[in-house]
Amino acid sequence: MHPPAAAFRSRTDGPVTLTRGPLDTAAVLAAVSDPAAGGNVLFVGTARSVTADITTSRLEYEAHEPLAHAMLAALLAEARRRFSLAGCAAAHRLGVVEPGEASVAVAASAPHRPAAFAATEWLMAEIKREVPIWKCEHRPDGSHTWVHGDPNTPPRETHHE
Amino acid sequence: MHPPAAAFRSRTDGPVTLTRGPLDTAAVLAAVSDPAAGGNVLFVGTARSVTADITTSRLEYEAHEPLAHAMLAALLAEARRRFSLAGCAAAHRLGVVEPGEASVAVAASAPHRPAAFAATEWLMAEIKREVPIWKCEHRPDGSHTWVHGDPNTPPRETHHE
Amino acid sequence: MPDNPPRVRVTLFAGMAEAAGRRSLELPWTGGTVADLRHRVAAAMPAIAPLLAQSAIALGDRYAKADDSVAAGADVAIIPPVSGG
Amino acid sequence: MPDNPPRVRVTLFAGMAEAAGRRSLELPWTGGTVADLRHRVAAAMPAIAPLLAQSAIALGDRYAKADDSVAAGADVAIIPPVSGG
């Protein structure tokens, strides 16, 4: 099942972007620029064409958009406090993502580089664990699989319920 | 003492760039793009205008260029092996760097994000410890100080001699 | 509202929407907790019950707790394990 | 080469060049080790001796070890503690 065909749609609100178009990774990095920041880290997740010997012809992402947006904003606010950041930003692409294209971009800036690295890693781990976005792997034979849970990510804490 | 006034000069050799012009950080990230890489990390170090209550009006960098180039290439080769990277690249600006401008950019890509983060952090630490580049802090009153040794970086190992 | 009996609207996503063959459903609902709603949805759509057990429930733009109230007329989303990034 | 006695050319950088008031110097040199060269440079330019003690020595585009040979006519660089990044 595919999400309904959608015209280009993008929502940017402060440092959070959800978009069906190509990610502007340079804009995500530029969004964290700050006179007090000496260290700026950008992570870009790209669609691989081969994962564990399985060929993927393209990826597709679907989200609960209002909740994903709220969760991303809350995670950025928490990262800013927890790591004393100068700035942070996140963008996730929805819809079809071809091999080599970016699906996610996260940036953080801080006076010194260790906090910027730690915050970006923490944000990526939390995004993969908490934010209601799902990936579908499409294979060359036309089959596809929606992925529920990441073998590299510990399960979501049960504090929601 | 200032280095001799130099016309724009840039040397790019594979993944290493030393340049007197603005750093093209997007090019450093693009240089590590690879179909097998799902995780891409870019670090950008920018000149801060205030460091520990001291106002810096601009930075200036000087290098032993042939040795800096060789050391950067060797560190990238070691990072590629040590972290099983898909790609890595580094660029450092020389000459005057105004506040907010980038002085260094390092990128690494790997199948999964932890290796890309670890390699980028390792490369930055090694660059600050090993590569013959020096920073001069210019202050608004016209005074300046060449920095020899980084209080946040452990001293260079003595294996050179 | 005799023509409009109280209901709850439930939105499904990704593999759960695929297993259900639909992206949303409406169920009769006069109010209850999130835990009550889980039982009602599982009974109505046994095909999604296994994934439902691993899923969170969202009310509007926040995650809900098991004893949160779900009013008649509410919009609820079921959030199966996520895989963004 | 009676008009050209054997020498070594030493290049200085950053705060060391500033302390010396010059970016390079030439010293009479018929050959020796890196350690020998350090003593010669320190004697010739006492102003840089403290920073020299914390510095590495480079021969061409590689770092040298204390017992490496420095031939007459060599180009040598003194590498004080670095601060790039």
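Per-chain numbering from 1; labels A, B, C and D assigned in written order.
Rule of thumb we're sticking to: a residue touches a chain if its C-beta (ideal position, glycine included) is under 8 Å from a C-beta of that chain, and two chains touch if they have at least 3 such contacts.
Keep in mind the model is a prediction, meaning the values are calculated, not measured.
Visitor: What chains touch chain B and also chain C?
Guide: A
Visitor: What whole-Å value do you get for the distance between chain A and chain B if each is reduced to the mean of its CA atoms?
Guide: Roughly 27 Å, centre to centre.
Visitor: Go ahead and note the Å separation of the Cα centroids belonging to chain A and chain D.
Guide: 51
Visitor: List the centre-to-centre spacing of chain A and chain C in whole Å, with centres computed as mean CA coordinates.
Guide: Roughly 25 Å, centre to centre.
Visitor: If you average the Cα atoms of chain C and of chain D to get two centres, how far apart are those centres in Å?
Guide: Roughly 75 Å separates the two chain centres.
Visitor: Multi-chain contacts in chain A: which residues touch at least two other chains?
Guide: Expected reply: 45, 124.
Visitor: Using the touch rule from the top of the page, what pairs of chains touch, sorted by label?
Guide: The set of touching chain pairs is A-B, A-C, B-D.
Visitor: Can you list the residues on chain B that touch chain A in the complex?
Guide: So the residues of chain B touching chain A come out as 25-26, 29, 33, 35-51, 99-100, 111-114, 116-117, 120-121, 124, 152.
Visitor: Flag every residue of chain C that touches chain A in the complex, lowest number first.
Guide: 11, 13-15, 17-18, 21, 23, 34-35, 51, 54, 56-58, 60-66, 77, 79-85
Visitor: Could you please specify the touching residues of chain A with respect to chain C in the complex?
Guide: Interface residues on chain A, with respect to chain C: 1, 45, 61-64, 66-70, 92, 103-104, 124, 127-136, 145-150, 155-156, 160-161.
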